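A, B, C, D and E are the chain letters, set down in written order, and residue numbers restart from 1 in every chain.
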Amino acid sequence: MIPLLEVRGIDKSFGPVKVLHKVEFAAYAGEVTALVGDNGAGKSTLVKCVGGIYPIDGGEILFDGNPVQVHGPRDAGELGIEIVYQDLALCDNLDIVQNMFLGRERKNGLLLDEDSMEELAAQTLSSLSVRTVKSIRQQVSSLSGGQRQTVAIAKAVLWNSKVVILDEPTAALGVAQTAQVLELVRRLADTGLAVVLISHNMNDVFAVSDRIAALYLGRMAAQVKTADVTHAQVVELITSGRSGDLGLKNGVTP
Amino acid sequence: MIPLLEVRGIDKSFGPVKVLHKVEFAAYAGEVTALVGDNGAGKSTLVKCVGGIYPIDGGEILFDGNPVQVHGPRDAGELGIEIVYQDLALCDNLDIVQNMFLGRERKNGLLLDEDSMEELAAQTLSSLSVRTVKSIRQQVSSLSGGQRQTVAIAKAVLWNSKVVILDEPTAALGVAQTAQVLELVRRLADTGLAVVLISHNMNDVFAVSDRIAALYLGRMAAQVKTADVTHAQVVELITSGRSGDLGLKNGVTP
Amino acid sequence: GGESGQTSASTSSSASASEAAKAGKVGVILPDSKSSARWETADRKYLEEAFKAAGVAYDIQNAQNDKTAFQTIADQMVTNGATVLMIVNLDSGSGKAVIDKAKSQGVPVIDYDRLTLGGGAAYYVSFDNTKVGTLQGEGLSKCLTDKKADKPIVAYLNGSPTDNNATLFKQGYDGVLKPKFDSGEYVKGPDQDVPEWDNTQAGTIFEQMLTQEPKIAGVLAANDGLGNAAITVLKKNNLNGKVPVTGQDATVQGLQNILAGDQCMTVYKAVKKEADAAAKLAVALAKGEKPAASGSVKDPESGQDVPAELMEPQAIYFDNVKDVVADGYVTKEELCTGDFAEKCTEAGIQ
Amino acid sequence: MSKVKDLPGEAIVTATRSPSIGHSFVAYVERVRGGDMGALPAVLGLIVLCTVFAIARPAFVTSINFANLFTQGAAITLIAMGLVFVLLLGEIDLSAGFASGVCAAVLAVTLTSAGLPWYVCVLAAIATGVVIGTALGALVAKVGIPSFVVTLAAFLAFQGLVLVLVDEGTNISIRNSVIVAIANENLPPWLGWALYAFCVLVFAAVQLLRAAKRSRRGLTSDPMSLIAARVGALAVLAGLAVYVLNLERSRNPALVSLTGVPIVVPVILVLLVVWTLVLRRTAFGRHIYAVGGNTEAARRAGIPVDRIRISAFVICSSMAAVGGIVAASRASSVDPNTGGSSVLLYAVGAAVIGGTSLFGGKGRVLDAVLGGAVVAVIENGMGLMGYGASVKYLVTGSVLLLAAGVDALARKRAAAAGLR
Amino acid sequence: MSKVKDLPGEAIVTATRSPSIGHSFVAYVERVRGGDMGALPAVLGLIVLCTVFAIARPAFVTSINFANLFTQGAAITLIAMGLVFVLLLGEIDLSAGFASGVCAAVLAVTLTSAGLPWYVCVLAAIATGVVIGTALGALVAKVGIPSFVVTLAAFLAFQGLVLVLVDEGTNISIRNSVIVAIANENLPPWLGWALYAFCVLVFAAVQLLRAAKRSRRGLTSDPMSLIAARVGALAVLAGLAVYVLNLERSRNPALVSLTGVPIVVPVILVLLVVWTLVLRRTAFGRHIYAVGGNTEAARRAGIPVDRIRISAFVICSSMAAVGGIVAASRASSVDPNTGGSSVLLYAVGAAVIGGTSLFGGKGRVLDAVLGGAVVAVIENGMGLMGYGASVKYLVTGSVLLLAAGVDALARKRAAAAGLR
């Protein structure tokens, strides 16, 4: 089975600081791949490289087995990759509907079709258990932390994409909303999408993921089937980069 | 026992939207009080009212039993209230040390005492298990989500304050860092501080808190001892505002 | 203008340093290009012609009404080897600073068109600016008499409040008109300055004057541009030709307005004469001579006599527009376009 | 990719349908009290200014002065309308004033020296604006020079260009009757009324259709009574304006009749409507707000940020060209000061007074018109007061501060309530 | 409250001690390649400009021209230095130019009409600046009017004020020899050398002491070799400058001798050092950056945001006053145009070219000096070229664009690497 999204040997430095070292990673259609790692391990950087936010210094990105060039978010979008970034990237001066359809507005001839956008946005949001939003015409700047996160997630799942990457989507969410998002993640994978979930919550990771990839100080420590590992093993991989015969073989210096 | 920090009957509206309805809340010295509630329940708004970020529309704030006026963050600081806000409020254009000492720089005569600040910042950060920060002279804009959160927490615990309020401090943290922060929270309370912890993670809440206060749609549903309630009861309070004879008695409309 | 500037620059750079020092080199600083068209279109041209004819290297620059730039240009000219400076000062203070600095380097300075008060320039060549104002005042009263106006309300549209020349012009026309106001022959109407001689603002200012005082019967506009702004507003109210307007500089626009009967008069300053006189002095100085001037002017501030060449401005009405053309200051082709051909014939322009 | 997935779930968020007018009014008052003022402060400022001037100078409230106001403020307003687009991105265009000068000079030269027909010249002027905007936008977006520096350089260069075009300081008279008419002539009264009727009808139709469509879809829509009130207000106010402008305002009606709506009024109106539509109802406009609000978020949403930037500069410079044409028409001549001196500052000031933020993401084209009105009223009123130059500067500055102060204090109250 | 708690834990973050000079150099190259350019682009732009002018006009590299450069650029640079403070907050001060005019006029009036001693007059001028800054700052911070509007109003009002002070269209000559000396006289050569020695010694001492103190505490410090290199570079460059300025540059040495460092140079240097210290090494400076970077965060950290805002405006207007004094000295007169025309735009341009952001939070006082040097070199060089009015505007604009373009392209490469 070829992975839908694969990165091979990706290097990324910020000035003198090398953040990613020859990272290998793959996500398969119909599966949820969890990407885990300590704070500052490079998870968000990897995702931003895939999304075309950062140019990569070396290595390649393959989509459906073919090498592709991702020079910007537009390219990623055209491939069918949707990403919820950790720093949510919403326009504070726009309202919820406007943010959700940003860059892909529905039109009626030349003008915007506000009504149908409003309808759709309301549907999507209510499917994510948002109960406290007063109006979907509210500006994003007035939303609570969790509400913002929900909008960002709703924005990403609104489209018929092939890969959905969620960078700590449930970090700010309440109990019910978290459950809803995890359910959504599973549902998306079941409809044949490749879903990548970044999370620090091991319970969530084990609850929904099919595979787990662990980054350690910018290096991919291991990518394994969730069924093959235990909770403790993964935590060990995250904190020390190895666990038994899994993980990085040689000692690594940060 | 009089609470160190108490709010009585606080009302807060944003324009036509009423967000807090006569909220009562108390935090005791030497205890960890968890503040829980659904997304958009009003937790962050309550904290911001206490911190002087938002003016309150009605009700009063008591410190050590005496009514106090909090007109701005300065007033809160002078009372000894330290807050880690959910929207972290760091200056992206300053480095870690500069952010940690912002507003309370150490001086050497007229000039800043950079060296001692650098030393202290390094100590505090290492006590919070931050291993991947390359240099504490790094600009905050280049930090990962979890690293930013750690800086914000370190900033708040650096000072000899009497009340520490943490708004979802572990949301973006890794496994080890989360453990470290929870331990710190416990340690702070044990040294006699009143600690308020906002979190969506019930495990964390039950692990460290002495009391739990549950907000439901802007109303305080219940404030109870952690020992007296179960996991499920708290979740019920959060999602429906009541659980058995706990919680809001009359039906409430949002 | 731009290209000739470059030519002059290349003249100066092609001449080797020692050669330039022997033959001398003249630096000319013009004040701006916006208060009046003359500096870039006329003065520059005539001065260049005169210097070329005399075979003297020269460098002509424009300070664009910026005092700092004015001084910088002076510094740079001396650095570049000028042995004579000819300046049209922007104000006496900075003019004096330039003269002092030049003197300390042994470079004589000619005050061109504007006297630097207390400056102690070697020569002064100019029109009499107060006289220009006097001609405008006399012109307006002549036109009002022609129109048989009875106790006409006269509005002033003065030049830039920051321009000392505007103050001098006003002194001139006030000298003629104030007695008439005092005697009750005329009535003094609105009196406003136009910042930076800006024609667009002048339009608004005059429109508001007319709104406030609808019976304005005469407009003393300080130059042709301001006059044209007033005429545009008058036209809108169908008052053009009925309310006399003055001007200055004998621009194509002003002369055309005179031919059309919308403007009463303008003041023509024979710039060529002034330029030629100044250039003659400068060339002589550059060759190390000590030329004599025909007259002198007393500097009111220092009390010293400055050797001077003074020119007379000329009032232009419909009848003597042809004098300006004859002088070559404007060409017939420029002036007699379209509808104006007929008027030109009528005014006797060949 | 751009097909939308059908997710389950009922529409919970679009709640209460069609509230009553009383309800709407209460909601509006609540909104204003809560700080969402919209145009209210600018309008209040205008009312205060007009009252003061009307008391000080009765001539201020004459019909001729009312007509003057429009022609006097037109050029600045038009330039400000274009500037709104650049300001929305958080950029600035210092060269807009002289760009209008360059375009006006192009108009004058093609008209006079080249002798081309007027419409060709107008097109040439606007094309010049487009070229200028493209160049500025490319330097900002592609090369990455801060817009302040790019447009400061352009400010200098265009000053030189105007001088070259008008031949180092001469004035070029514009004698073409069509061009001169733009800022100096009026519509015949019947046409004014016809236009009035057309505008009111179209406005009513659009409002009704929209409400109908929304309520058909089950979305909240404005109640009939509110729509009626809105249409009524427009009809009364615009009717009053047209009526006043159609009054005889000649000083000498026997000699010449002076009535009708100045031609610039429909010009401004059409541009206002067009640009408002573009900003509010097209994807392009949405993207302008997005880039101004959060460039990074816009980029991540796949919006071609560079192209949006360049377009905004093109719009700005083209509107500057239109402003330049109107200014040239009004002065019936072009000189090297056209678009110079305080034109730019007044235009940016107009946009900012209206409520446009210099930091981007916040502003409307209507702001430029309201702010332009404030600036025009100040200039107009000050002209009537007949102060000397120095006093005039001093008083104009103070009045400007006053007008902005009303606005600021109103918004400050809002910010205190925790809203921005 | 402000005592610090002792938390356990070893200092892990302050790693490698005292790297070697080779190491430091490699790190610097890495930093530059990575995009943290610092002053490099502005310096590069300067070098390019100087080379071009030197080739086009050999007179550019004479010692007299070098001395001229300083006096020509001084006023703009001083105003730009003050503007940096306001720009750091993300505000703007359009009135700085005319504020300098007002202060210069106060100087001239007190000096001439009132006949007070020069130091009283200088104090009066600076006090005027302080008052102006307080008023502007209060209107921005307390009333909440956008700084663009406040300072636009002040721009107008001050224009009027200058006119009132210098009496409508005349000008006031300044004949006081001390004041005139500031921008027109030079230090005696020996004093130049003495100052040079003092500066180099103090610089070396500060560098060494700091390194010693840090390494005593066990924090990373610069290696000795790097410090030696830095001190050496300063000694050589400054020595060269003093040497050239001490050369005889009179065209007529028999008539008058012209040597020495212009007096404005130490004035600028002292202010540069003082303000740099304030910005970099005091809590106040830190708070300015914080407010500019994230006002809300600064407010939450208990920083008195309003007071910081007002102080920045006070500094800006006071520096404008100093600039005005220098300008008055250079022109030996004050007229209603002092501080007018393009002074403000050039000053803001200088700050921005140097690398200060208009959005706040980013910039240094040194930026203003470097940018001021770029502006002065352009003006100086253009003066030597001898172009006509229009061509000069065009070329100046293009050269400005070029200088900024070097900078922009350099930074663009950095941004592409993912850094801002």
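Definition applied: a contact is a pair of C-beta atoms (placed from the backbone, for glycine too) under 8 Å apart; a residue touches a chain by one contact, two chains touch by 3 or more.
Chains and their UniProt names: A, B = ATP-binding cassette domain-containing protein; D, E = Xylose transport system permease protein XylH.
Computed from a predicted model, the values in this text were never measured in an experiment.
The greatest centre-to-centre gap from subunit E, using C-alpha centroids, is found for A.
On a Cα centroid basis, the chain most remote from subunit D in this structure is B.
Distance from the subunit A centre to the subunit C centre is 72 Å, each centre being the mean of its Cα atoms. One simple way to say how far apart two chains are is to compare their mean CA positions; for subunit C and subunit E this gives 39 Å. For the pair subunit B and subunit D, the distance between mean C-alpha positions equals 47 Å.
Each of residues 14, 53, 130-131, 133, 142 in subunit A touches at least two other chains. Across the assembly, subunit D contributes residues 163-164, 168, 342, 388-390, 392, 419 that each touch 2 or more other chains. Multi-chain contact residues, meaning those touching two or more other chains, occur in subunit C at positions 1-2, 33, 40, 44, 161. Across the complex, subunit E meets subunit B through its residues 1-5, 7-15, 213-214, 217, 219, 277, 281-283, 286-287, 289-290, 292-294, 296-304, 361-362, 419-420. On the subunit C side of its complex with subunit E, the touching residues are 1-6, 8-9, 12-13, 30, 33, 40, 44, 59-62, 64-69, 71-73, 75-81, 90-94, 96-97, 100-101, 104-107, 117-118, 160-164, 166-167, 301.
Contact residues on subunit E toward subunit D in their complex (touch as defined above): 90, 92, 94, 139, 143-146, 148-150, 152-161, 163-164, 168, 342, 345, 348-349, 352-353, 357-359, 388-398, 400-401, 404-405, 407-409, 411-412, 415.
Interface of subunit E with subunit C (complex): residues 57, 59, 62, 64-65, 68, 72, 75-76, 163, 168-174, 184, 250-252, 255-256, 258, 327, 330-338, 340-343, 379-380, 383-393.
Residue ranges on subunit B touching subunit A, taken from their complex, read 14, 17, 37-41, 44-45, 86-87, 130-134, 142-147, 149-150, 168, 171-178, 200-202, 217, 235, 238-239, 254.
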